[in-house]
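There are two complexes below, and they share chain A, which is joined by chain B in the first and by chain C in the second.
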Partner chain A sequence: MLRLLLQVSLRNLFRSRINLLIGAIIFFYTLLLVVGGAMLDSLLGSMSRSIVGTVSGHIQLYSVTSRDPMSIWPTMGNEPDLSPMQDYQRVEGAISKLPNVKAVVPMGINGSLITSGNTVDLTLAELRGVVREEKENGKTAELEAERQSLKEHVRQIVRVLHTDLGRATEMETTEARDPEALAAVERASSDAFWQGFDEDPYGALEFLENKVAPQLPDGDLVPLRYVGTDLDGFAKSFDRMEIVDGQAVPPGRRGMLLSKFIYEQYLKLKTARRMDLIKEAVDTGALISTDPELQRYVHQNAQQTREILLQLDPLKSEQAVRALRASLGRSDGTLPELLSAFFAVTDDNFQARYAFFYKELAPLLQLYRLRVGDVLTITAFTRSGYTKSLNIPVWGTFRFKGLEKSPLAGNISLMDIMSFRELYGYLGADTSAEIQALKQEAGAQAVDRTHAEEELFGSGRKVVAEATPGLIDDKKAFPGTAANLRRKDLQQRVFDHAEISRGVVLNAAVILKDPSKLKQTLREVRELSDREHLGIYAVSWQDASGILGQLVMLARLVLYVAAFIIFVVAMVIINNAMMMATLRRTAEVGTMRAIGAQRPFVLTMVLSETLTLGVVFGAAGALLGAGIVGWVGAKGIRATADIMYFFFSGPRLYPHLSISNVIAAMGIVLVVSVVSTLYPAFLAARVPPVRAMQTDE
Partner chain B sequence: MAPIVSIVDVYKEYSLGKTLVPALRGVSLDVVAGEFISIAGPSGSGKTTLLNLIGCVDVATRGTVVVAGRNTAELSERELTSLRLNTIGFIFQSFNLVPVLSVFQNVEFPLLLQRKLSAPERRKRVMLLLEQVGIATHADHRPSELSGGQRQRVAVARALVGSPQLVLADEPTANLDSVTGEHIIDLMKELNERDGTTFIFSTHDARVMSHANAVIRLEDGQIVGREKPLGGAQAAGMH
Partner chain C sequence: MKTSLFLWCLVLATPALGAPLANQDAVLQVLKTIDYRQHNSGDYKSLAYLEQKEKDKTDIAREALIYRRDEDEKLMILFTKPKGEAGKGYIRLDKNLWSYDPGTGKWDRRTERERIAGTDSRRADFDQSKLAEEYDATSKGEGKLGQFDVWELELKVKPNTDVAFPVVKLWVDQASGNVLKRQEFALSGRLMRTLYYPRWQKLYSESKKAEVWYPGEIRIYDEVEKENSTIVVLKSVDLRPLEANIFTKAWLEAKSR
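So, the complex of A and B:
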């Protein structure tokens, strides 16, 4: 009997156009479900990998006393106001014991602006260093040469400034220059000043530092978001992280790892960065002659040579002039002219100039304003609302594999949690004592520009100081922080893991062994917190990643809604088509009924026909869908915008088909076919047997 | 001998909108097993209506119809279907074969519904019937590949395969040319004589009628005569 039904169904498949129409609908619907499902699943999968694998982990923990919910990518750029966990050590101990928990990584996220030290400051600092060394250790020929070279460099810088001021006076814009400042520049440009330099080097340096340097536009303020964490634990738990330059911060030491993205984007010499961008675009087929953005880069490079000019001391200037003249085939021209001409690249000469730039000019320059091994001064807002500066050595740069170009993944740098605590205003008892000791020892000296920076920071955190254990009111207790901490003692102190977990932790990432059991583990964590009074909230990565996590949900919702709409549409069309098909077959059905087929037989027959239709065309659609997904999966979809790197969790998205996609698609399609045929089948079963006798067709 | 079909004072009215169309007006009829009866009458006289009532595909407005000892008015839809399946075979004017099934499968269909025989037994039975109607060589063909006469032979085989006591045929020759039509009637007659299966068929055609051993004449929904056709066999008692 079943065989008969199957035979009737199979043979009926291609009998009428209506069946073909239904088949086509089922075919395309399955195709869409399989391809759409696989694409979305892959996209969501890669997005979750990006979110989970960079900072968030699977679960985020934070204190119940926090004012804001945890958010790794806060919507308005305002870091959420989190209270420190009451007893992180206990939290870590308890949560780590859950069977599905692989690791708990303590964290704190904060942001600050760093002033990438400008060339004047750096050169003056170097000059001061040489002068001091000569004083302390006696003069040598080597130091003498260095001092002369640095002096020349500073003169060069002052010359550039002088020219700039001259130009500004010519244009005579609205704001009049402070005459005192103008006089200072005039004085610093004079031969007399430089002849007198060696007689009173400290006096001259003071003058340059206080009167001349501030007139040079400061180095950029670079926004820096950092996660203070147990760097070892972080590296172990977030295995996409890899060191690019330098090295990891040694265990127990203080230090920062800068995001390579930030390093390239903000700390590289702008001219070099633009050359890189042009190179990248040109290598992927863009043309300078047609691409307005590239033309803008070229224009900026040709116009803004000042950054390079400031860096070159006379000796290097001479080398640069020689190289540039040779390259451009010119026998004259000043350095600014030559640089402008050199950077006015075209499609024809770009590759050659790019190579020349890195081969000949780059060695004369500092490509990065901050080098691995340098000490970075970070000024951040403490929880009590005051600014706080800390010097932190930069050990290296890092990136998340595959997310090199993603601004979202790239905007986060890493810092040891001890330094983070200090910057945030929370200190362990012993560190507090240590700083007290240092404070007594060193003469407090206010840093001049802190005030300017405070203005800039004005729109930052608006948290009022609270009486929290370990919180220092740093304004009262600790003026002139930067100078104090320049002492290396603190930087070189080694701390152990116990110290990491004993101190203040704002949030923590929980990494799971089996991510598919996220919900269950989340429940366990919450129960544990309630039972043991840990005082923590636990949220999934979706919830912790703010708008990004919601995006994931939204994408899923959109697919479901779309699938549902098509579901309904397909149902209506199939239903109508089946009605027509059934009406056409009343004579046949009537005959079967007359011969002795019961109603359930007819019902089953019609249903099994659409079911067969669903299986056959659904399978065909699924097969083609699998083929398409396989084909796309082999090629990969290229991320065309930087933001897509994060969504794709790499430069390309490689969609892959999971069996569950196919099963779900087939299941849905079969449900659609059966449900939409219920009514027509019911009607068919009610065809009276007399219809067999009515041969009027 | 108990009649296989016993109809007493049957009325059948169709409603067409507000008007009632009387199709049968007090028909009484007994058919004894083994008869080969023709129902004759002008168009619209009620032949088809009568056959439908005997065939349990329709119910009378009034009066009793007893088929194989069962009063059809008292049977449920399910029981009627079962009665059709096991005791009645149908031959239709337009053959009514299932187009997507082969000749063999069409004939096998009632056996599958009956669920009495195993697959090999069915095969034997179907092939026997196909041989009897002389179409065994076309067992694997589709109906569309056959001529009208061949199709009707298949239909005859299908009607008889389930060993019914009664075979009903409403104008089985109307869609065939006269020679082929006569062949079909000869075939039916042959099977009637061999197995004693009762046949009731309607026709307009006098030559076809002449093969019957009794002709029942209908006019305006009433039986106006029951006669033995020329050269026909013995007639049964008339009501």
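So, the complex of A and C:
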């Protein structure tokens, strides 16, 4: 009978237009499910690779006493309030023994705004450092050369400022300029000032810092988010990480690896950065003549040449003028004019000028505000409430492979965990006791703000009192610190792995040998924590990734809702179509019933016809879907915005089809087909044989 | 900016205390009196205690030495306690406010809005009073603050003057001429801080040949983060001359060495 049913189904497959309509619906529904499912799975897979491969690992551990849940990318931008783990060393030891655990990496995440200061502030700070070094340790030929070079640089800055002010004075009324500021720049421009510099370097520096430097615009604030970690362990566990400039921080040493993204975005000379952005866009087919953003970069580069002028001393200026005149084919023009003309690039000359910029001009400039090997000062609010600043040497820059352009992956820099702990700064017992003593001695009582006026100025209060002349002994109040010795000591000291595990750890990433067993391992970690009282929560990468984890959930939800809506719509359409088809076949069914076909046969016949429709058109849809996914997968979908690099886990998303996508799509399609045919099939089965004769009449 | 003795005598001679503020000149005289009384012609040094209270956090206490040379408009704050804070400081030189941290040996340029050491206090709370120079004032009538009769003044910053808050309201004790309450507003009109001065003290200054007044205690309530507040107590004031080169970066750096 099965054979008969199959024959009937195949015979009827293309017999009516209604069948073709139903087939088309099934075809497109399957196509959509296969392509949509494969796309979403690929996207989620890519996102998970980005999240797991950058900071989160497969599982995140954090203390049960934390106020907030773990969130690597917090929804509101505020770092979660995590308490340190009670005993990280024990946690690490216990979790590492689980069979599926490959590594446990200690961490802590925090952020800070670093002020880069304006160009003259930075140069004067360097000059002050050299003067201090000479005073403390004596003069050397090397320091002398450095001092002369820095002085030349400052003189160049003053020259630029002097020219600017002269130009501004010509254009404005004299009242518009502060005469004191003008006089300060005049004095700083004079040969006499620089001849006398070495006689009283501190006096000269204070004059420059307080009278001249404020006339330049302030430097930028650079947002810096950092993960304090065991840098060695991190590099081994997160294999997407690679050093771009400089070198890895040697094991046991303090230091920082800046994210290449942050380094380029915030610390590079703005003109050079804009040239890079134009180059990237032009190389992918954009045209300066039609792209407003590229035109804006060109305009800004042509207008904002001051930062370059501030960097070029007379010798370098001369070299730059010579090179620029040759490049532009001009025999005259001042450096500002030549720079403006040079940076006014077009589609025709951009590539040549870009190459020229890096070959001829860049060697004369300091392209980055902070160079590899420099010391970065980070100030953070500690847990004790006090601020803490630390000098941390920058050993290099790094990136996560494939995520070079992603702001989400790129906004994280890495720091050794010892420095992180200092910036995190818990309130120690001795400091607590000191604070209590200070409070007790001062005897200031808290006054609630709602009753402040009544308490402070109510009846019986006096607001005037004679004071006893105090004799304050400064030396007793502040005997001094050995801060500079401590600074040097911190830079040199080497720490071992035991020190890394012993101190404050806020969270830890667990890397698994087999990521597919995530749920099982998560269960094992939780059981272990309960059994051994480790005091930790264990959450999956998705739960730990904050806003990104929510995005993954949202994406899934959108697909499910879309699939459900299409499911319902398809069911209604197929149901209606089948109803029409059944009504048209009343005579046929009646005749079949008259010659002996039983109701179950009719029911099965209608259902098998729809199932055959589902299999044939569904398979065709799945086949085309597989073809589309294969084609797109070979070509890749290009990330058109920086944020997409993270979602695609690279510059392109390469969708791939898994057999589960096809099985799921076919399964859903067949269920839809059968369910929507049940009622029409039931109606068909109830057609009596007499109906065939009535219809004939 | 040097103000002549003659002008100060004029300010002193103004019969403002206890009387209604009849006109704009009388309002200005009140401000000048406030400024003059806190000004010292010579040097000034005080030992201050700062206590910061914040929501869900342990109180933070500090002790600091405050140095002033009003004639040269110089100010230095050097934190001395607790140990972890010792050596940190601020120097105001002309219009520049610098912050120093001996932990890094670096100087940072700060603005007038800097929260001194992360508390609710600002540079101006520790510096000489320059209300008449920085603000234009109008009288908002008379009133009561607790048991005290006060003049209520509204101050608006003068053009091209850099202050932490552009609008200030003052409640000035009619009997003593001291500021008892001060409210500071952002340009948008949003209330930012409320300050109370429950105790004013005075010392005779040899250099000034007159008394120097200072607030023995300042209670600062943050009006944005309502749970935050700061108490400043000036424990002692010393008007003896300071070292000549004290207001330099080199001096503060040397202190931490």
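The rule we apply is simple: the second predicted complex is superposed on the first by the 548 of 697 C-alpha atoms of A that agree within 3 Å, B and C clash if a C-alpha of one lies under 4 Å from a C-alpha of the other, contacts with A are read in each partner's own complex, and residues count from 1 in each chain.
Methods note: a contact is a pair of C-beta atoms (placed from the backbone, for glycine too) under 8 Å apart; a residue touches a chain by one contact, two chains touch by 3 or more.
Here the structure is a predicted model, which is why all the values come from computation and not from measurement.
Q: Output check: A:Lys211 vs chain B and chain C. Expected answer is one of first, second, both, neither. What do you get?
A: Second partner only.
Q: Taking the superposition on A as described, I'd like to know which of chain B and chain C A:Glu588 touches: first, second, both or neither.
A: In the superposition, A:Glu588 touches chain B alone.
Q: Of the two partner chains, chain B (first) and chain C (second), which one does A:Gln7 touch, if any: first, second, both, or neither?
A: First partner only.
Q: Tell me which partner A:Thr379 touches in the superposition: chain B (first), chain C (second), both or neither.
A: Touch status of A:Thr379: second partner only.
Q: Contacts for A:Pro363 in the overlay, against chain B (first) and chain C (second): which applies, first, second, both or neither?
A: Neither partner.
Q: Does chain C touch more residues of chain A than chain B does, or is it the other way round?
A: C
Q: Check whether A:Tyr202 is in contact with chain B, with chain C, with both or with neither, and answer first, second, both or neither.
A: Touch partner of A:Tyr202: chain C, not chain B.
Q: By the touch definition at the top of the document, which applies to A:Pro251: first (chain B), second (chain C), both, or neither?
A: Neither partner.
Q: Once the structures are superposed on A, label A:Pro689 by its partner contacts, choosing first (chain B), second (chain C), both or neither.
A: After superposition on chain A, A:Pro689 lies in contact with chain B alone.
Q: Just to be sure I read the superposition right, which of the two partners does A:Leu390 touch: chain B = first, chain C = second, or both, or neither?
A: Only chain C is touched by A:Leu390; chain B is not.
Q: In the superposed arrangement, what residues of chain A touch both chain B and chain C?
A: none
Q: Which residues of chain B touch chain A once you look at their complex with the stated criterion?
A: By the definition above, chain B touches chain A via 48, 51-52, 55, 57-58, 77-78, 81-82, 84-86, 90, 92-94, 96, 98-101, 105, 108-110, 112-115, 158, 162, 170.
Q: Residue numbers of chain A touching chain B in their complex, please.
A: Going through chain A, the ones touching chain B are 1, 4, 7-8, 11-12, 15, 587-588, 591-599, 601, 688-690, 692-693, 695.
Q: Give the list of chain C residues in touch with chain A in this complex.
A: Where chain C meets chain A, its residues are 45-47, 49, 51-54, 57-63, 65, 78, 80-87, 93-96, 98, 101-109, 117-118, 145-148, 173, 176, 178, 180-181, 194, 196-204, 214, 216-217, 219, 221, 226, 229, 231, 233, 235-240, 248-250, 253, 255-257.
Q: Contact residues on chain A for chain C in the complex?
A: 115, 117, 121, 125, 128-129, 132, 202, 205-206, 209-211, 213-214, 218, 377, 379, 381, 384-391, 427, 431-432, 434-435, 438-439, 441-442, 444, 446-447, 449, 452-454, 456-459, 461, 463-467, 469-472, 474, 477-478, 480-484, 486-487
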